[in-house]
Every structure is written in C-alpha cells, then in structure tokens.
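Chain lettering (A, B and C) follows the sequence in which the chains are written, and residue indices restart at 1 in each chain.
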Amino acid sequence: MKMTHAHPLSEDRLFPPEPSVRGIARRLYAEVRSLPIVSPHGHTDPAWFAENKPFADPSSLLVIPDHYIYRMLYSQGVPLESLGVPRVDGAPVEQDARKIWRLLARNWHLFRGTPSRMWLTHALSEVFGVDERLTPESADRMYDRIADCLHRPEFFPRALFEQFNIEVLATTESPLDGLLHHRALRQSGWRGRVITAFRPDPVVDPEYEGFAANVAKLGELTGEDTQTWPGYLQALASRRRFFASLGATSTDHGHASAATFDLPRLECEALFRAALRADASPAQAERFRGQMLTEMARMSVDDGLVMQIHPGSCRNHNPTIFARFGRDKGADIPTPTEYVRALKPLLDRFGNDPRLSLIVFTLDETTYSRELAPLAGHYPALKLGPAWWFFDSPEGMRRYREQVSETAGFYNTVGFNDDTRAFLSIPARHDVARRVDCAFLARWVAEHRLEEDEAAELAVDLAYSLARRAYKLEPTP
Amino acid sequence: MKMTHAHPLSEDRLFPPEPSVRGIARRLYAEVRSLPIVSPHGHTDPAWFAENKPFADPSSLLVIPDHYIYRMLYSQGVPLESLGVPRVDGAPVEQDARKIWRLLARNWHLFRGTPSRMWLTHALSEVFGVDERLTPESADRMYDRIADCLHRPEFFPRALFEQFNIEVLATTESPLDGLLHHRALRQSGWRGRVITAFRPDPVVDPEYEGFAANVAKLGELTGEDTQTWPGYLQALASRRRFFASLGATSTDHGHASAATFDLPRLECEALFRAALRADASPAQAERFRGQMLTEMARMSVDDGLVMQIHPGSCRNHNPTIFARFGRDKGADIPTPTEYVRALKPLLDRFGNDPRLSLIVFTLDETTYSRELAPLAGHYPALKLGPAWWFFDSPEGMRRYREQVSETAGFYNTVGFNDDTRAFLSIPARHDVARRVDCAFLARWVAEHRLEEDEAAELAVDLAYSLARRAYKLEPTP
Amino acid sequence: MKMTHAHPLSEDRLFPPEPSVRGIARRLYAEVRSLPIVSPHGHTDPAWFAENKPFADPSSLLVIPDHYIYRMLYSQGVPLESLGVPRVDGAPVEQDARKIWRLLARNWHLFRGTPSRMWLTHALSEVFGVDERLTPESADRMYDRIADCLHRPEFFPRALFEQFNIEVLATTESPLDGLLHHRALRQSGWRGRVITAFRPDPVVDPEYEGFAANVAKLGELTGEDTQTWPGYLQALASRRRFFASLGATSTDHGHASAATFDLPRLECEALFRAALRADASPAQAERFRGQMLTEMARMSVDDGLVMQIHPGSCRNHNPTIFARFGRDKGADIPTPTEYVRALKPLLDRFGNDPRLSLIVFTLDETTYSRELAPLAGHYPALKLGPAWWFFDSPEGMRRYREQVSETAGFYNTVGFNDDTRAFLSIPARHDVARRVDCAFLARWVAEHRLEEDEAAELAVDLAYSLARRAYKLEPTP
C-alpha cells in the first residue's frame, strides 16, 4: 500500500463520505464555521487572562496539564513522572520539556482515532501552522516551532482568546475563591469576556476534604454564622450574589450521583450538624448532598443562576495515583447513574417552575433515550447538557443526537460545552461539535426528515444560539 | 443559503442516501407499501367506529388527545390549559380550537426531527391533501381546510378506517368494561374488523386506584365470588372468555416492572387478602402483580390468548400535572428494567410450552441485546414486541433491528404495533415502520448479508405476516 | 421482484456500500486477508488434533455441537431431541444425521442475518466448495458432498488446521484435566501449535458441582494438602505451572459477576472451610470467588500467565433444558454487569503492576463506553477483550469499536478471539472480524479521522499482532 500523508486537517473531516450528504454537510457547516465561540462551562485558569503571561513551553501547555493525554500514555506503561506530572510529595519528575515532547511523539500512535489526537492536530495546525504528523523524526522540529511561537505576543493568552473569536468564556471556581483574577480582569480594561461559575462542592459535600473548615471559611468570607443551618444557607446565597456580580450566570454541581432530596427542616439541621462534626455516614452524606441540590434549585429560582448537574463519576478510582499525584489525574471512571427517581424530589418542587433552568449531564449513555430525553421532553425546568467528557467525541456526539433528538427535540438541549482545562483545544472542540452536528443534520436532510433551510437554522442554534440562551449569556441590552 | 421548501413527503423519505442502497430500499418498499394494516395493539376509542360520528375539529382530533404533541409544548413552557387539555377539577381551559391550532403552528419548530412531526405531516398530506408547512402564516388556511373535510362523510371514522386499508384494529379495555361499543360494532353490519384486548391492570394491581372495589365489580359482572382466591381467578378466566367472544386474541399487562412470581397457594391467598384490605406493602403488591402474570400465563395456555407485557414506565412522574390533569399526560418516564431474573419464575413454568405466546416489550433499550434477544432466541414461548413508545421512531426502530436481529433473528419478533390513541397517525406510523425496515434490510443486502429475494420476503413478513401470525389474527378458514 | 441468487460469499461482503469507502475497505482488507490465524481463546477439543480421526458426518460436525444453531431452532419449536442433542438420561434422540440436516434446511430462513448463517455459509463454500443456498431441495445434495469430503485425508483435523493457516490455537481445560491430548500432541511430532489454557472454575467456585471433591482431586494431582488454605493455593500455583509447561500462556475465569475482593487471611480461611463443607451462603460463595480472582492475579504476577475474565452470564437459565440436556445448551442469558466497583479490590492491588495482564470481557454492551474503555484507558494492567459471544457479530463488533476506540484507543484492546467449539467456523469468524474492522477503519479514513497508512497498520494489528502480543504468543527467539 502506498503511504499517503494527507494534510492532517481535511476541509471535509467528520463529514459523511456519501457525496450528496457531504454536500449538504458542507453547506450547513458554511453557516456556522465562523460563528463566535460561546464557552459557558469549563476549567481554564483565569490567571492566564488576568496576567497575560506567555505560556512556558510546548509540554507544559499541551501535555502536562492534559489528563486525556497522559492517561492514555499511562495505560500503556509510561510513568506519569516521566511526563512531568507533579507529585504530591514533591519528589522529582521530568523537568526537560523537550524530553516529554519526544515521549509523546514516540507514543503518538496510541492516540489514533481519539479526540485528543484530533484536538492537538487542530491546535498544531491552526494555531502554530504545523501541518506535519508528530513522529520521533518530526518531534524536535515541531517542538522548536511551537516554543518559538509561544514567546511572541500574538500567542499570549489574550491574543489567542481574541484570535479564537471567543465571545464569552466561563471558568469554574469554589465559593471559597476570592475571584482575584476575575476582579483583576474586570478592572483591566481588556474587552474579552471571561466570567466565573459557582461550584460549591467543597462546602456542600460532607465527604469533601476539609468540609468543616471550608464551611467555617465560608462564614468568614460572608460574615454569616455558618455553624447554623439558616446562616449556612444565607452564606451560600450571599456568595452566589458575589459570583453573579463578577459575571457568573450559572452554578455547577459534581456529585457522585444525581440524588436529590426535599427533607424536613429538622432532618436538614441534624444532617448539617453531623456533617460539621465529620461523622455523617455515607448515606447521610448522600442525603445532605441531595438536599443541597434542592436548596441550590430554590436559590436559583430566586437569583436566576442556571444550575448544572454533572453526576456519575467515581473519582480517584486508583488509590496509588491519588496518593502520588492527587485529584484529576485521569483516574475518574463513570458509573451507572439513575435520574428518574433521583431527580424526583427536586422536580416535584421546582420542575414546573419557569424560573428554574436545570441543565443535566451524564456519563451513562444508557440514560439518554431511557431517562433524560423523556424528562427533558416534559419538564419545563429541565434541559440536557451536551455529550460530556469521554463522550465529547465524534461518535459520542453522534450517539447523543441519535438517542436524544426524537424524544426531546433539539430545543430541550443547550448547545455545546467544551468543559476543558486545555485552552488551545477550545477552538478544536467547538469545530468538532459543529462538524458532527452538521453531519448529523445532513443525514436527516438527505433522508427527508428535515428540510435544508430548517437544518441550517438548527445548525446555528446548536453551534451558538442555544448556549447563549440556556446559559443567559445574551448581551444585556 | 437558498430556501428550499420541498414537498414535505418525499417518496424517498427514510431511505438511505447512497444510491445503490436507496435503490434496494425502494424495491423492497414497493413490495410492502400497499399491504393492509394489521394493528394488533393500540388505544383508539371503539366508540368512533361504533357511532361513526364526525370528528369535531382539527385540534380536538390532532392536538388535545395527543400527549406526544403537548408534552413537547409543555416542556417549552406552554401551559396545558392553553392547549385545551381538560382539567380534573373542571377549571376552564382554552375552548377555541383555532387558537390551539395557532399555538401549535407558532411552536412547530420544536418538533423538528420528531416522529410527531413526521406522523402529522403524513396525515395532513395523505388524508387532507395539505402539503404546505405548518407556520403561523399557513395555520388558518390549514385549519379551515381540515375543518371543512371533517364534516364530509368520507372523513367519518369508518370511511377513514376503510381508506387506511386496515385489515384489523385492536383496542384495549379493562375487564370492567361492558364492551358496549364492541357489541354494537358486531351487530352493526359494518365489515370493518375492530376487536378488543384484555387489559386487567385495574383488577390485578393492588396499587391501582380502587382495586378492592374493582374486584368487587368483577364479581358482579361474572357472578363469581371474587372475595376468594379461587373465585377471583375464575372470574378473570370468565371475563377473558367474554373478551375472546368479542374478538379479543390477546391480553396486555402494564406493570412497573417485569417481575413474575410462582408462589405457593397459601402465599397467594394471603397476598390477595392483604390487597383487598388495601394494606399490601409495596413489596407485597409487587409479588401479587408478579404472581398474577404467571396466573395470566396459565390461563393463556388454556384459552389461547396471546399475552403482552409492557413494563418499565414510571407513571405520573409529575405530581403537579397528575393532580391537575390526571393520567397519561406525557409525564410517564422509562426506568431501568430487568428481565432475566424477573421473567424466570414464569418461564420456568411455561417458557417451554408451545401453547403460550408471550410478547415482551421494553422502554429500556439496553435490554435488547443483553437480555431480550437472547431470551427470545431460546424460549419457544417468548417473542419480542417492536420498538415501543419513545422508540416508535426511525432511530429507535433502527437500533432495535441492529441490536436484536443477529441474536433473535427476525422470526422471534412480531412485526409492528402502532400502540396509539391518535387514529390519524396509524397509516403514518405503519408507513414509517415499513420504510425503516426496508432501509435496514437494504443495508444488509448491500453488505451481502442477505440476498435480495430473502429481504423482500422478510419485508412482507415484518410489515404484515408476522403480526397476523403472532397475534393469531389470520382469518379462520 | 426478480429472484437473485448471487454467490453467497461476495468478495465485498460486510464492506460499506458507498464506493469510495468500500474502496478503502478493500485495500485495507487486502493487507490482512491472508495473515495467519491466532486463536488465543476457544473451546475446540484437543482430541481432534491429537487423534486426527475424520469427523463423522455433516450434522455431528456442524449442527449437534453448535448451540448457536440449535438454540434458534429450539426457539421456534424444534425439539432438541429431533436435532440429535444427547440427553442426560440417555433417552433416545435422533440418530439419522441426514434427517437432522434436512431439519436444518427446512428452517434455514430463521438464520437470516445471523452470524451462524454467515459462518456456516463460509465453511460450506471455502472448505467444501458448496456455493448453493441451503434449501429443502438442495439439502441432500449438500449433505452428500460434505459427507464425501469428510472421509478424505485433506479434511482430517490436522489437515484443516494447516489449511486454515492457524499459527496457534488455544483450548481450555480444567485444572483437574490430565492434559493427555496436549501431551500426546507434544510427542506426536506434528508441527501444529495447539496449547491449553487454565480454567479453574471447578476448583475455585464453591457453587460448582462437586467443589469439595474437585479440591480433593486437585490435592491428589499435585501432592499438596488442599484441605488447608495455603496448601490449596500452592496446589493451584503448581497446576498453573503444569499447564504452562504444556504451552498455556493464559488463565480464564467465568464467574457470574466481575466481583473481586482482597480479604484478610482469616476471612479467606473461614470462607474456604465453609466452601469445603458445602455450606457457604451465596454471599460467601461470591466473596470466595472474588477473592480467588485476586489470588489468581497475584499468581499471574509471579508466573506471567495472562488472566482473562468472562463474567456476566446467567448460566442454565432454563431448568427444563438443564435437567434434560445439561450445561451449555443455548440457555445462558447475559445479565447487567458492573465493573467499576467490582474490579477495584483487584486493581487497587495489582492494577498498576506491569507484570499483570488482565483481559476483561463483557456481555453487557452498556459497559463498553461507560466503564471498560475508561478503565482500560487508564490502568496499565487492564486490557479489553473483543466483542464476545452474542456480540461476535458484525453489528456487535461495530458497536464495540464505536464505543471503545475513542476512549481506550486501539492499543488497549487485544485483537480477536473466536471463543468457539465449532472448529470449521474459525476461519469464518476471523474473516468476519477482519472485514468488520476494515470497514470500520475505512469509515474513519473516509471521514479523515485516520490516514490510510495508519489504518493499514492498525488493520494488521487488530487482525494479528495485538492478539499475539497480548496473549504472549510471539514465538520465543
């Protein structure tokens, strides 16, 4: 077989091969390819934009912080130390960024067909103009090119933000965060819109490290008596207002399950006391977290913050990795997740309330057609977040549309979230989502299930308008 | 992009776009498009055919009774009152049918890509000759056209039944129903075949509203002493015979789970007493329902009625909607459903008995390949019902065939059920099923997994013959 | 419609119909079609190769031992007795092989679209040169042709093994097996590589028939005191070494769940004593089996045997069939299977150890994307077995690749297993897998997600190299 090294970024990538369907997909994509990026949920570092310092080197930008990348290398026997991932105990890890880059290059075949490869290839080509394949032979050449770019002003964070045509980017912070970078951004005069989101896990999950201390700190920050249940709730409401004042339009909740509860006040107080004493049983902790989701929904009805639930991950599954490297190191594994009974207490109370907007995500694809689409296709307050995390991928997005759309329609979904720490992957991820959605719509047009003008309108909605609307990001007039 | 408003009902709708595969699909569909409709399970109102009165207006025919339609509108904030859905308390709701129709028109984009849109478009075009798109601008024109038709004799229920080429249509009634309309139909001289089916939920589910009173009424209707376990069973057997005398060939069971039990007589009697006293615990109610499935199977072995199980729906999930509008208002949500252990007691006893025909449905698609196809591919008594409810859709049917056929084959499935209250959607639903099955078969022919003559035979079986055979609807010679 | 009886084995079977994608698939397949067969896991009978006697007749070769075939016939009412399946009680069953063959022919339509039909058609054509369709009319002609072949030396087991181009074939034996055939094979001078694999279910599962007696026999075979926990473990280690000395490179474990435990020694000893006394509760039996998986992993770290887990089958679901015909008669039904928590005790201890290679299979496809791909994409010790049993089929393999590859990549999978008792289906099964993988890769190439030279390398890896590597079957230098 002759070797074909095509340009890595075909104009037709992710489009269906059949010529007539591809033609429709191209026309739909032409409508959306240049739309601004709305990124309503993610984990980039606001310091990048507040400080606008250059990124250090290719590996610390593209490898060391990306658990999608190093989990795959680790699964094939590459030690995390050799990839420069910092150890909790401060033990030495690889410091030579070029060596790390070469290690990636030697193992690049492991990523064939993965989203990581697609995103990195896109970033290399579109941001750095590097169009050759990453191989041991090309590794140094590519490294030098990227390293050279990173020190030029047009590759500083704010310049990239503008080049990426980002209309708005949300980060995610704990209620205990002082939001110094967000405050600095507001005062900087820079016009890029970077906002925060309220992620209260450290102060609402009794099993979170340092829960009681966190709640005490919450009291200090807000001047409320967080040793009492009413004071605690007031402190949370107050902190939400503070986040909103720095642009937040949403909250985010990452529990192990989707359980919600609507308990009598006496039980809430008892659970809260047990949690503060750090002797809540696992079942009590679960009830407390579930109660707090309902409390958060109640506060959302008051203050208008959109509520996101990201459940179903068994965090830190590998105790060896957790002890050595800490959280978020690619060892979080999805588990079966139930929604119909879990969400009922919250929905019983607020599911019909138009002031609540509850966006639900899942890592259990079996719930798309069985639970989530029927729920979203009925409750006014509930909408479906996009294909998430492991499913932020072409096949994952396709399954999502195929399994959700017939029951929930398109307008009970909220557009795309990139949900990433990897800044340079943002344009790539949005581009993949736009292409996959256009490919999906093109098939339905070709099968005469939609007309093309409707598909074009939908393509714009899915790429741009729905996210703005669902997350209340339309510019206030 | 130029606007293209093609005819809404392309001749090639739902066929694969690739020309050679589409060609096969067209040829297969030509074999089945004109076959009579066999509708062995559904929820149309026998009064329509017994009385043959004209339908009142477009909205009360096409919107107000269709929970697929109004659940979607409700999910986007449209109150059910404004759609004319009657309230339990008799409070006023919208009475102006034209206003309701306009409200649908304004929100028609919500249905893009849904089966509801496909079915309604089909009915508008094929029944009323309306080929334009529903928009706020066209709404009144379409309304007038339909309203005008409805008062002409060729649009009366019996005329439509004949025009739809329905060979047989089954409705579903409670054992407490006197079957007056079915009796009137038998005596009317009209040749349309409309039969009943036996749905005993109100008298076999201890948690059904008014269970004890229902059982008492069953005693009155049959002259059996339904306060004793043997009398109760005899009353059920008697009522089954009555239903069969009015054409019923099947029973239907809609429990929350697929649990079956085969309990000792003493426990059956104790559960029955607890149920009559209305103090069965949830676990006891579950055991009683499961026992009754096994009793029904035993009766089917005797009287030959085909047995259907439709499990897995969490009914009336939204208490606000239930209190205000009652049952069947689009707030039933599927739940995870287990079959392998649940059906074992019944199958242990009757699974190898060729006199039993047990047709199993699911709202949990994960069970297709994992549980149901392996069960149907082994037990002589068990067959699989078609893709049901939320999955009565092109993607749903495709997943069903892809996940079932390799293990269960085609001949352990039972053809198509429309399972609808929406009379005008029946031809549309059968047409969608025929097209999707032909598209599926065409792909397998194109991939050389079937030969075309076999696929043509299968297409006829799936569209027509299997349903007649599985539900014992072949005309007696 | 005109009847088309094409040659049953199109050169393009299982390839995508779109011409450009089909072209890519053809080119990829050309790279792999002639590669040797590596069959690292299966259930063929080593006596065939040790004794090299001719197969008796078409039905006892192709029908009577194949539960895929007779389960389908049974599901449609064909008694197993009439297919010659032997009864436990020795009662008479059909002995006329030709009659059995005719019964298959009369029901051949039931297999439309099933893998069984594909495999049998392949074997008939490629092995016996029979290219017509099996029908009542052709049945006798085909029977005679095959019967005639079977007595010619080129159809004896060893000759077929060589003709099939099998590089290595693993069978599966109990620790209580003396491996006489494997020893005979070693001494025979024949160059075919047939090896054993260690399947200890009879001596590690307290619920296995005759567990205590089996453990006693294990003691006799090894000279260890298997009435004590340490002696029992030493006996197992000793027996593993014996298997390895006859070529085994792997162990295999077929528990009902994937549960593993890592219990204190005192509890292990207590469970072992209860198991020997045959009074372990179901929960204790489950804990013991789970502990034994961890013990087996520990031994694998020592002796290098690759460890396979095949969980999730509810064995012998039909008690009538079990009583009459015994185990493995097509009445095993998959059940929901959980891996994330179940495997944690084993992975906590050995998941990061590069000396362990743990290959996990599933009958619950929902775990591909939710649990197994994320686990395999993280843990160095864990790899995913191919689509198994009911999913060893074109649609099953396609779903596997679509749901696994984006998260686990290709290199955390282990290539293809045929896992069959049906010797003549082995080339057919490998050919199907190669075609389906090439079709899958071709789509990704056509969608510009892989370049064609990479896909060609992957095709060879998936068809050949990965299985050799994962099962340590590369020839020792």
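The working rule: a contact is a pair of C-beta atoms (placed from the backbone, for glycine too) under 8 Å apart; a residue touches a chain by one contact, two chains touch by 3 or more.
Everything quoted here is computed from the prediction, not taken from an experiment.
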Practice task
Rounding to the nearest 5 degrees, give the angle of the rotation that lays the CA atoms of subunit B over those of subunit C.
Solution key: 120
Handout entry: Fraction-based call for subunit C against subunit A, same above half, different below
Key = different
Completion exercise
Here the gap between subunit A and subunit C, centre to centre from mean Cα coordinates and rounded to Å, is 40
Exercise for the section: Give the residues of subunit A that touch two or more other chains, as numbers and ranges in rising order. Expected result: 18, 366
Handout entry: Contact footprint of subunit B on subunit C as seen in their complex
Key = 1, 3-6, 8, 10, 12-18, 71-72, 74-77, 109-115, 118, 133, 314, 317-321, 330-336, 363-366, 390-391, 393-396, 399
Completion exercise
Listed in rising order, subunit C residues that touch subunit A in their complex are 18, 20-21, 27, 30-31, 338, 340-341, 344, 347-348, 351-352, 354, 366, 369-371, 373-380, 382, 402-403, 405-412, 443-444, 446-454, 456-458
